[in-house]
Amino acid sequence: MATSSGPEIGYADYLRLDKILDAQDLQSTKFGREAHDEMLFIVIHQAYELWFKQILHELDRVQANFANTPLDDSRLGQILHSLLRVHEILKLLVHQIDILETMTPQDFLEFRDLLTSGSGFQSLQFRLVETRLGLSPEHRLLYDGTGVHSRLKSDERDALVAAEQTQSLVEQLDAWLSRTPFVKAGSFAFSEAYRTAVLDFLTKDIKTLSAHEGLDAEQREAETRALEKAKESFKALFEPEAYEGAWRMSPEAVQAALFITVYRDRPVLHMPSRLLATLMDIDEAMTLWRYRHALMVERMIGVKIGTGGSSGHEYLRKTAEKHRIFTDLFHLSTYLIPRSALPELPAHVERMMKFVYAEEPAE
Amino acid sequence: MATSSGPEIGYADYLRLDKILDAQDLQSTKFGREAHDEMLFIVIHQAYELWFKQILHELDRVQANFANTPLDDSRLGQILHSLLRVHEILKLLVHQIDILETMTPQDFLEFRDLLTSGSGFQSLQFRLVETRLGLSPEHRLLYDGTGVHSRLKSDERDALVAAEQTQSLVEQLDAWLSRTPFVKAGSFAFSEAYRTAVLDFLTKDIKTLSAHEGLDAEQREAETRALEKAKESFKALFEPEAYEGAWRMSPEAVQAALFITVYRDRPVLHMPSRLLATLMDIDEAMTLWRYRHALMVERMIGVKIGTGGSSGHEYLRKTAEKHRIFTDLFHLSTYLIPRSALPELPAHVERMMKFVYAEEPAE
Amino acid sequence: MATSSGPEIGYADYLRLDKILDAQDLQSTKFGREAHDEMLFIVIHQAYELWFKQILHELDRVQANFANTPLDDSRLGQILHSLLRVHEILKLLVHQIDILETMTPQDFLEFRDLLTSGSGFQSLQFRLVETRLGLSPEHRLLYDGTGVHSRLKSDERDALVAAEQTQSLVEQLDAWLSRTPFVKAGSFAFSEAYRTAVLDFLTKDIKTLSAHEGLDAEQREAETRALEKAKESFKALFEPEAYEGAWRMSPEAVQAALFITVYRDRPVLHMPSRLLATLMDIDEAMTLWRYRHALMVERMIGVKIGTGGSSGHEYLRKTAEKHRIFTDLFHLSTYLIPRSALPELPAHVERMMKFVYAEEPAE
Amino acid sequence: MATSSGPEIGYADYLRLDKILDAQDLQSTKFGREAHDEMLFIVIHQAYELWFKQILHELDRVQANFANTPLDDSRLGQILHSLLRVHEILKLLVHQIDILETMTPQDFLEFRDLLTSGSGFQSLQFRLVETRLGLSPEHRLLYDGTGVHSRLKSDERDALVAAEQTQSLVEQLDAWLSRTPFVKAGSFAFSEAYRTAVLDFLTKDIKTLSAHEGLDAEQREAETRALEKAKESFKALFEPEAYEGAWRMSPEAVQAALFITVYRDRPVLHMPSRLLATLMDIDEAMTLWRYRHALMVERMIGVKIGTGGSSGHEYLRKTAEKHRIFTDLFHLSTYLIPRSALPELPAHVERMMKFVYAEEPAE
């Protein structure tokens, strides 16, 4: 390929198709009982690994950006761009299951016994994606008392441990959010103003309920209990001692996330609020992928033990819930209040959130 | 519209757009505090209801066809066609959630209080879809001790009860499968031949396991337990007394489904096997829709009580599993054996499964 | 429905299901020859119309925001939010075609003759969407010498004409882009700095080509011609007399769009650059919808005349290209240059594009 | 991996991740100016090639089955299964474009010059897919007077030529359709019965038109012309001399396809009719992929010459139409008539199309 700066290189060489298209070693062929669908099984898993590599490549950039303290606003565009791409990729990975499901259980059976101990559990890259996003070892669901490490080769295990010891995206996010100016600026403290507003709102809600004919006693109670509980977790945000366990991120980070959410119309919060929404999209897409994967496995092997001794669909289904990462962001919605009830921001805070040029009108 | 057989009728009149586009009454407008996103909330739910109507229309045809005993093969094409369409529609309904998620919790909050007692729980059409597919009242997950009936208006309740008292698709399927010829034809009895084959296979599996160095003791035990359990449930297929509870469909139906699955290459089984696969696709799509719906609700209202006093995402998430219908079909994969181990079919059975013309070659 | 502020209203009443689910009048039933698939045909078109209404609702907000001069930055979040939603809706509308394609030509034939003069050509809402985005009457592809007006009822025609006489989104975008500060700030003029850079780059490209062994003479010429042509259209940006016809937007708007594209990393340009990308996404989704629609029609009626005397697929396929709106944005990519070659921005311009708080660091 | 029949092999070794994940050689890195998005560019093209390999693997099976003459009905299930999978894969390939579009033109520009002569034009596998489906050299759109061969390496060229000299799927389909019994069975000849019915129907259509007040003169003429033209092409089906060029498949094949389409309810035609529908789905998905690809290229490089000297989007857009393969199947819909008007089939033909067991009722 003649390039302005380099030697000839053609399509096939550039993409290293010699490697890519020569990497499908069907076990069934090796053992003299070719199973047509083993090709699909291999190809789709290789496609998954290619995409995992791309996701890790995006996380490299995102985390490198977040590693800058303070984070220059100019980096936010690139961070959001990479995360939106990760979300697009995850949506494709969910879609890919449609193709795997064109394999019938009977066809899978033709080569399943050749894979008894290899399984997705052993995908180092997927473990790295989870870990770098913020799934810590202690949050991982054990399988038969053993963790994922036992299923990896030693060099893979080292790579995973190294990742576990590095700051994860959720930790970087926490640090970045905690530094958010505006939340506490001079005489203004969002936490105080907002705290009262939310508690009043929840209290009003409870009153409304008691006067609610539409609900039977049982329901009314249930709703009341839930609202009371919500009140407690919210208070915890402002009481360090009560905080433990109520939230995963630090109180400062949660408060900042709330601030960004409710005042998202301000210019300076446009990108941060999109960032938070995209992280929820990613969490949701990962969860969905796990759930669909579980359904697919159930369909493929029924109640049997999965390849590699995985307990199959039940375990996988549990991870869909248990392995979520940005749950705090999902729970914020409990503590939102109508715009009309939002504390007004002092002029000096509003000003900080505008662009310089707007201060010196160009028109 | 000048037609060969009728008077003029234009696009807008034909589609009754006077009704369709005049059916968005924003409560927020009525109460003088317009919330932009209420329009989306209404439009998307109306779109869901339109599609539910179409699904019911397809089920009408499918069930009318199944009501014919015996079912003429010529009807299978139409039945499969309608079910494939239902699957396509369900995939769209899952996709629609992407649009609803463009509504932020804060924007939902602007009109949420106006809907405190109305909710998807009250969609009669969705209840009818579930019921006609085969979700019986006793399989429904209660909410606060009350069922769905209590949430419907009396005329709606009557319609639901009527549907509950009619034969559901899963019941019609059971009856149709149970009548499958070939499974027991003359001297041949699939159940006997296959039973031994499967039990041998499972026993061999267990032996293999005990010699499996790749697994630690714990895992080996777990797999063994699972295989033993599988053996029991399979035996139950042939022991009426042990059967109760092990399966949802009748033993005859399950055996026929197994027969169709393992001999699906035979001409007469092409359509029936596609039919079974499509029913699993539908079950999976419904489950996925419920699951995504649960995630969306969690994101929208956090740990709060949902509109209409629905307990929100936790309840919804439970229904994703609990409200499945064709689980027996999913579990069949546990009892499949490699083609090489399949009992050979006697010539007279093979012949029955061919087309007449093939008996009197046309070429 | 007991609400904190209003009377009871249930799910069915809130969604006006009395209207929505009572709006399917099958012509085939009326003429005593029920065609099963007419229900799908009606339902899917009604779903389209519901979504068109939502798109118009979003355009209302977007255009109302753009109507503010100057446009306060705080409005950009809402504008982008609505446009992203429109894009999501359009993706769904493309997906819906999958469902319509479950209708076979034979099944469509059973009621096609009842619709001879009604057709999508008569969808007022779709015409309004096109018009408000910026498809002007003179850009519309004629059909049989007649435009879309002739196919509408008089009151519908009035609504369309009114929309045609109002400022479209592309016109509002042009005005907004033309006002972009930074592009010309004090001593700095982007057009001059960038113009030279691009021309140098294109000239260098042409040189590289002539030395390119990888291409045969013919190809080299073709590439050279294309680059020369590109050079001319670019120069036109700065030569009012040569400008006519080369671009659809004003030179000021195109220059600003270029500025936003190449300096998109600057905080103040994050949202504007996402906005431009989203408008291209919308244009692409509309084009794709038209194209898929054309393929579907060809499949459904072959070379026949469409319902309502539409020339069917050929006409539709042409509109996919001819009715595009934001083509100028697509063509910008011809005039991009590597970041390394970008003119450096003077300090006072860089400063204008930052947030106030960043000038008075909060940390 | 302990297997019942083989040695240990783990996940990473089984999938040859050593090759797969080591095949991303970024040119930009090699030339010391790393471009983040080159990874995406390489990964997505590698994913495409993996899927092309899978498609070819399915075509191997489909074509091997079709190579059997006569084709035993038992093979139809497998053929349809593979084609449905190809369709699912093509839908994913279209979806993948969403991910590529997260790359901005500016980011592509950072490494575009390093690829000046390599391009998708050089994907041997894609050429093989096209060729094996039935895109013959003479139907290929030339680019700058040169064909695809000139862009391949000699060994690749040989592989393509070999494929071009082998029977394609469309040719195998033609042969198989032409052998369809029932179309001409004993005294019955579908062509005669149906020919008259269609011509009567078209004539009646024309009459209706002339009495159609809903249309203006111009439109009426246009419709009449189209119907007359349709009449001619249909007649050609039965007049060998007039046939040339009117259709791509043989008259026997087209007639059989028509027979299968209109009598698809008959048991023996269920699978063949699904087969024809799936081939149209595949044709449509390929077309859509080409069209979206063209839009993406336009967005990425504007009016510039593409990598590898491809003329970029205009050429690609043309191929979307020009490179279609199963167009004859799409045009059949022009010659369908309402079920009520279908010629009745003689009893001996109806009987041939049933299953043997149905002749000797099992119930």
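All chains are identified by letter, namely A, B, C and D, in their written order; residue positions are counted from 1 within each chain.
Methods note: a residue touches a chain if its C-beta (ideal position, glycine included) is under 8 Å from a C-beta of that chain, and two chains touch if they have at least 3 such contacts.
Which chain is which protein? Per UniProt: A, B, C, D = Tryptophan 2,3-dioxygenase.
Please read all numbers here as calculations on a predicted model, not as lab measurements.
Hopping across touching chains, the smallest step count from subunit B (Tryptophan 2,3-dioxygenase) to subunit D (Tryptophan 2,3-dioxygenase) is 1.
Of all chains in the assembly, those touching subunit C (Tryptophan 2,3-dioxygenase) and also subunit D (Tryptophan 2,3-dioxygenase) are A, B.
Looking at B-C and A-C, the interface holding more C-beta pairs in contact is that of B-C. Comparing mean CA positions across the assembly, the chain most remote from subunit A (Tryptophan 2,3-dioxygenase) is D. Note on chain placement: the centre of subunit B (Tryptophan 2,3-dioxygenase) and the centre of subunit C (Tryptophan 2,3-dioxygenase) lie 38 Å apart, centres being C-alpha means. Subunit A (Tryptophan 2,3-dioxygenase) and subunit B (Tryptophan 2,3-dioxygenase), compared by their mean Cα positions, are separated by 29 Å.
Between subunit A (Tryptophan 2,3-dioxygenase) and subunit C (Tryptophan 2,3-dioxygenase), the centres computed from C-alpha atoms are 31 Å apart.
Annotation for subunit D (Tryptophan 2,3-dioxygenase): residues 1-2, 4, 8, 113, 116-117, 208, 212, 214-215, 264 touch two or more other chains. Those residues of subunit A (Tryptophan 2,3-dioxygenase) lying in contact with subunit B (Tryptophan 2,3-dioxygenase) across their complex are 33, 101, 104-106, 109-110, 113, 116-117, 144-146, 212, 214-216, 218-219, 222-223, 226-227, 229-230, 233, 261-262, 264, 277, 280-281, 284, 287-288, 291-292, 295, 298-305, 309, 311, 317, 321, 330-340.
On subunit A (Tryptophan 2,3-dioxygenase), the positions that touch subunit D (Tryptophan 2,3-dioxygenase) within their shared complex are 1-6, 8-17, 19-25, 27, 30-31, 36, 39-40, 42-43, 45-47, 49-51, 53-54, 57, 61, 81, 84-85, 88-89, 91-92, 95-96, 98-99, 102, 113-125, 153, 156, 308. Against subunit D (Tryptophan 2,3-dioxygenase), the residues of subunit B (Tryptophan 2,3-dioxygenase) that register as touching in their complex are 1-2, 4, 8, 70, 73-74, 76-78, 80, 179, 181-182, 185, 208, 212-215, 264-268, 270-271, 273, 351-363.
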